[in-house]
Amino acid sequence: MKKMLSTLCVVATMAFGAVAAYAQNSGGTLSFLVQPEPPTLASYVSTSGPIGLVMPKVYEGLFDYANDGSMVPILAESYDMSADGKTVTFKLRKGVKWHDGKPFTSADVQFTIMEVLKKVHPRGPNSFREVEEILTPDAHTAVFKLKKPAPYMMRSFSAYESPIVPKHLLEGQDVKAAPLANKPVGTGPFKFVEWKKGQYIRLDKNENYWQEGLPYLDRIVGRFIPDASTRTAAMENGEVLYAAYNAIPNIDAVRLKDRDDIDVTTKGYSMINPMALIEFNTKEGAFVDPAIRRAISTAIDRRFMIDTIFFGYGKPATSALSSNFSATNLHAAMPNYPEKGDKDAANAILDKAGFKKDANGVRMKAVLDIIPYGEDWRRAGEYLKQAMGDIGIELELRYEDVPTWLKRVYHNYDFEMNVNYFYQLPDPVLGVHRHYGTDQIRKGTHFVNSSRYSNPKLDALLDSGAGEPDAAKRTAKYKEIQQILAEDMPVVNLFELEFLVVYNTKLKGVYDSAMGAYGSFREGYLD
Amino acid sequence: MPRSSKIFRYVSKRLLQGIPIIIAIIVINFFLLNLAEGDAVDVLAGEAGSATPEYMEQLRKKFGLDQPLPVQLAVYLKNVLVLDLGYSFRHEMAVQDLIFDRFAATALLMTSTIILAVGFGILLGLMAAMRLNTWKDAVITVFALITYATPLFWVGLMMIVVFSLYLGWFPTSGMENVAAFYEGWDRVVDIAHHLVLPTITLSLFYLALYTRMMRASMLEQYGQDYVVTARAKGLTERRITFVHVLRNALLPVVTMAGVQVGALIGGSVIVESVFAWPGLGMLAFESLFARDLNLLLGIFLLSSILVVVVNLVVDIIYCFLDPRIDVE
Amino acid sequence: MAEFWTRYRRNRAAVLGLGILFTILFMAATAHLFYPEDPFRLVGRPLSGPFENGFLLGSDSLGRDVASGIVHGAKTSLLIGLIATLVSIFIGIFFGAFAGYFGGRVDDLLMRITEIFQTIPSFIFAILLVAIMKPSIFSIVIAIAVVSWPGVARLVRGEFLSLKNREFVQACHTIGMSDLRVMLREILPNCLSPIIVIGSLMVATAILIESGLAFLGLGDPNIMSWGFQIGAGRTMLRSAWWVCTFPGIAILITVLAINLIGEGLNDALNPRLKERQ
Amino acid sequence: MSTPLLSISDLSILLPDGADRRHAVAEVAMKLHAGETVCIVGESGSGKSLTARAIMGLLPAPHVRVGSGVIDFGGEDLTKVDYERLRNIRGSEISMIFQEPMTALNPVMTIGDQIDEIFRFHVSMPPEERQKRALGLLEDVNLPDPPRIMAAYPHELSGGQRQRSMIAMALALGPKILIADEPTTALDVTTQAQILQLIKDMQRRLGTGVLFITHDFGVVADIADRVIVMQEGLIVESGKSTQVLNKPKHKYTKSLIAAIPRLKPRKARKRSKEVVVETSALHKSFGGGRSFFGFGKNAHAIDAVSDVNIELRKGETLGVVGESGSGKSTLARCIIRLIDSDTGMVKLNGVDITSLKRNEMRQHRKFIQMVFQDPFASLNPRSKVGDIISQGPMLQGIEKTKAHQRARELLDVVGLDSKAFDRFPHEFSGGQRQRIGIARALALDPDILVADEPVSALDVSIQAQILGLLDQIRKEMDLSMLFITHDLRVAAQVCDFVAVMQKGHVVEVGATNKLFTQPQHEYTKSLLEAVPGKDWHFA
């Protein structure tokens, strides 16, 4: 199977070459929306969304991923995995140069994984947790030595997830404080030119890109426009040609879709797997009893939320895992996730659990915190307030700014119920485990197990399921995990978000990567 | 004492008086900001995805956020004394570089707005006062009130819809055409082109103020004795209006314009947001939510210095406009 | 009073303003009669346009009735304006009265404090306060009050400065009246007219500030107000214009009415100004 | 007699609807000849100013307008001529000067520019020529250093200089008629005398006809050839000034003339030994502004009261006279401790009150009370008359009903109906208000009354009544009185002793009759010299 995979890579390379042979229009500037303005450009330190929009054009990963899930060789030409799954050997591309002219070698890969991603990247320590050492027998070979097999690791080599950075510009420095952060030097198709705060980031064509003939575009400019309506206007006006991650509100996207020059796609998010959910405080407050959480999950009309708030883009959640994991047979639909919501059933659960309504029909009062990442979540909170009111749970909405909210939920645990969304990423180990593992109750760390849910049985299953090489066994283990979670529900999944890409049809060649907007755009061109 | 040295003394005195105010503003804002939950590290870590508490501690140490508050404040004040506004946690840049970069945009928008608002305000106020109690007066008054009472963001978006989308006269947003990156004179024209809509939007709000003020001021001056004298001297009404009354009526408007400068920095947040104008208001807004304390304090510092200086300049201009006022 | 009304009535626009304000007040008071349902209720098809699906002014993205929100929100928005104004007038009178009356060092100190608050860019400061205190009606009111009072303080100080040397105040000193009593009973009533005028305009400004804060996402999510509606509708202005346009118009009309009233009050309370015309 | 320059017949001026009377003036007829000075004299509200303004077409349009009549100026009816012609006449053929030269001049234009305008708008002349003419004019009105005055702004000049500049402007084009609307009322008495002299000189030189509006019979006596007396919009009497002043026919004229205080000092009374108020080396200066970061004391401090030693004895009236800025009001306020003096002593019934704390002072307040100048500013417009009068006693601990009772009695004492008790000050006339002010001062049964220009804001007939009232009260209640005034006629009538103040210093003190007949100090002499109409002995 491993062989097959690497063969696939070669095939993809050939296909790739074929694509490049077409006579595309060269030149032109692509301006696209980056929302919000990134805090830094150090994509090896921060996975903040807007950084992902910009930096994969500058830094590259070992592989890219196509929409069908196949791996596209980028800095690595192929790889080979040993039978025990504990040694992975990468053949690196020759003749690749950093933007400053220095050659790219296996030492860069070794340094990046071991010294950068494993140490300072938010998800790197998890993705590469089994990597013990990396050997560099020659300048274009990198051998990963693993403690345990880690199949999920192979999904983490994209430029967004694991950018390869120049060793010569970071070695011997404090990686987090190095000047490389905002003066990035990569191997990618575009070179960083300028970051005008509050306005734009400008990337110009890398004339010495390793792939002859690419990129087509002369320049990419990421623009920051704080107001959603103005972003839409800029799209309509043709001032920007591409907008991902809901930079254009869904309501406008639906409208713009009808225009000849603008189109909408949900492709390009399969590696992200975003999931809207409610986190509960399982230790104190109103929702300690799992029955209430089940009742809440039962009462919610997921379809209504998707249709009204996200204008039809999204899929109702059916378990703790996204249905996108069906591809790897890990997903299993569970009860307590009715698509349309069943208030009677929910009321029945609560009645049975002994939560009586008072004269005003109120069983309990609680505060609902809302993720401060945009209007849509406010609407979600407002809907939930109404829906919960119907089953006797009177909610008060609390909408705070980002730092206050983070502190409240992940540091002080001073919340009862919290609307949020998580990226489940290409493998549950990367994106789902962090919600539920006892080892993920990490006070002060964001986006981990804030419910403080702890179940030794589940912990064991998560641990063994992570590296299980046998597909059937892995499926069984994850089914059990999902059953436990459907019963205890420390987190109620609401729906799988479908982010949109709104683009001007003039822009072509950027829709084939599974990384979507987090891709390199090297084949993008203007028609 | 000769006038120049008197002005010098006055300026230095006023600037000295401004110092405690500015320090007080820093201290107040420093403690206010620290009352807020969470800090810059929380935001950075939150945006980055996951980060370990150890890493966050390390960051705090790097930013000096692990120190007790009074120490942080003392360090900040000490740095300010040597004109070092510190380091923006979020942008990983020296605060002064960041601010001065954005200040240019703010100053541009501010200046053009003041000129437009004051200019048209004076004109409309003058027209209304001269056509007192006629339909023209009523139309001007109502127009001024409506522009004042319409929420700014609504005006802004409507401007975009009408002038960018339907008519295609102006770009929707931003300060420069990023597809072109003009240079030299073309760039000036390009920026001016981008400046039109935000300036009009913002000045519509302030226009009302100046129009009404000018109108009231003109009417008040028309009632003064010297107007009777001027008539008794046989001057034409034109001369009376444009030479005698206008000059006196302008005085309070000048003062008001000075006061408005301070408000403009903050008041333009909405316009900056709608038109993606890269000004200080938006920067302040974002840095507040990023708990980028140094940056926010820097903006407050700069804008209060600006207010102090502008007020001073206005007062000095006033001295020249109104001979009765002496620099004291 | 009758004389006041006679003078006020002369300004026809001001009478119109008063009429509009009374209509709005009536609307706010009788909101529960016309729209007995909670304005947050999801009562129908989302994003219905005006006059569609039984919605007079349309519905928002969740299917809430915009008209119901406007009627119910009137109460909140007016209350925010009123209370914020009262609070800032109270603070302003306190600072202005003591500064103007006592002069000297007291004046210096209080006016320096006032200057501090005048020097800080006010809208950003309001945002800061709301963000720190967490968005709620309470924090919005406090923030608006905190950024609005310096104007009142300066006005009151000016009035006190000129009134404290009036002979009737000196007459009070000659009979040994206490300072506090002189300030409250003798001087303050005589500077109420300009305070009322500036106060009426501040109510309008406060409503505008609330909508601005809401636009930036700093509204109270639990209470229906015009600001809330604007916040809820702003991102869909292009596709569902009615969601935030109608609350915007409500604000426009209210602010307009209050301003007209303010001018009417000014004419009626400061008759000298009017006579010059 | 020659044809008159100006001839007004049957002039009536309409007031806006809702005013208390329909006509501001009615049936006015008068003539003005070249080289002649006609005084229109009357009390406030008599319509004298509006008449003057009607001639220039300067009535406050659109509310007040000419109803009927003819203003004939060299054959033209000024009520009918078109605007352009009227504008041409203004400033060149008829010009006007006003009461308050400070507000009548544009504050932000130099005197030179304001004079220059006259030339620019009436004759064509090269700038150098205009400049030369303007300098000449300033010289003609006896202004020192004309180039400096040309470059000066109005606020940089003294009141007298401003009025001279106004006159220069008015006479720039040698007008046939000069209308002077109370041009000396806002000026000090010595300055007034100079300005009157100036107007007389200019008139003699240029042969101008002067229409002089005034309320002051002293001025009339000094300047008028003919007099027109107006009352409530009607001319009640007119004629040669010698005739009107000496043998008034109309009873209103008679009463006005009778009300003018004589310059003859009252007879000295026996002096008590008991000193009720005594100041020694009293000093007060102003302008030492402090500020948070001010650089020490302001160097421009002005000594308002400097080394003043006066004494007021039981039962007598001590006048303090002087021109504006002499420090007389400050002295009064130091004595009653409305303001704290810097150094020196004020002894009240033997107690030094300058060192008392505020609450200690309170018990001494009832001994000394004050009557203020401005009857409009001295009563709180938001308080009822009864409360104004009774709050003093109530603060001193007298119970409410008693205090109210006393207030009603006092209203009776000062000659007001007790119904006034529940009314507000704005419902009363100036004279009535001054009575209320007196009642308030009396409410605490003081021993000493400090009266600060109590009649200077009142018409002459009212003035006489108030002076009479004060005198009567002083007698009945055995009050000692400190009487501040700028008007030597008033001082002569009411004071036993007079102190003359100049620039903060008391330059001369003496018994009234002695001081008026044998003034020692030069300043006292100049003051006496300048009293308008001093040579005229009213019948």
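Order as written gives the chain letters A, B, C and D; numbering starts at 1 within each chain.
What we mean here is this: a contact is a pair of C-beta atoms (placed from the backbone, for glycine too) under 8 Å apart; a residue touches a chain by one contact, two chains touch by 3 or more.
Please read these numbers as outputs of a predicted model, since none were measured by experiment.
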| item | value |
| --- | --- |
| Chains touching both chain A and chain C, listed by label | B |
| Pair joined by the larger number of C-beta contacts - B-C, B-D | B-C |
| Gap in Å, rounded to a whole number, between the CA centres of chain C and chain B | 23 |
| Intercentroid distance (Cα basis), chain D paired with chain B, Å | 49 |
| Whole-Å gap separating chain A and chain B, where each centre is the average of the chain's CA atoms | 40 |
| Between chain C and chain D, centroid-to-centroid distance (C-alpha), Å | 45 |
| For chain A, residues that touch 2 or more chains besides their own | 229, 233, 400-401, 404 |
| Contacts with two or more other chains, residues of chain C listed in rising order | 112, 131, 234, 237-238 |
| Set of chain B residues in contact with two or more other chains | 20, 36, 153, 157, 161, 273, 288-289 |
| Chain-level touch network, classified as line, ring, star, complete or other | other |
| In contact (per the touch rule at the top): chain pairs | A-B, A-C, B-C, B-D, C-D |
| Residues on chain C engaged by chain A in the complex (per definition of touch) | 40-42, 46-47, 61-63, 131, 134-135, 217, 221-222, 231-232, 234-240 |
| In the complex with chain D, residue positions of chain C that touch it | 104-105, 108-109, 112, 166-177, 186, 189-190 |
| Chain B contact footprint on chain A (complex, rising order) | 29, 31, 36-37, 39-40, 45-49, 120, 122-123, 125, 176-177, 181-182, 196-200, 202, 221, 223-227, 229-230, 233-234, 236-237, 239, 400-408, 410-411, 434, 442-448 |
| In the complex, chain A residues that touch chain C | 228-229, 232-233, 249, 251-252, 254-255, 307-309, 370, 372, 375, 378-379, 381-383, 385-386, 396-401, 404 |
| Contact footprint of chain A on chain B as seen in their complex | 36-40, 42-53, 55-56, 58-59, 62, 90-93, 98, 101-102, 105, 153, 157, 160-161, 164-165, 168, 171-176, 178-181, 272-276, 278-279, 282-283, 286, 288-291 |
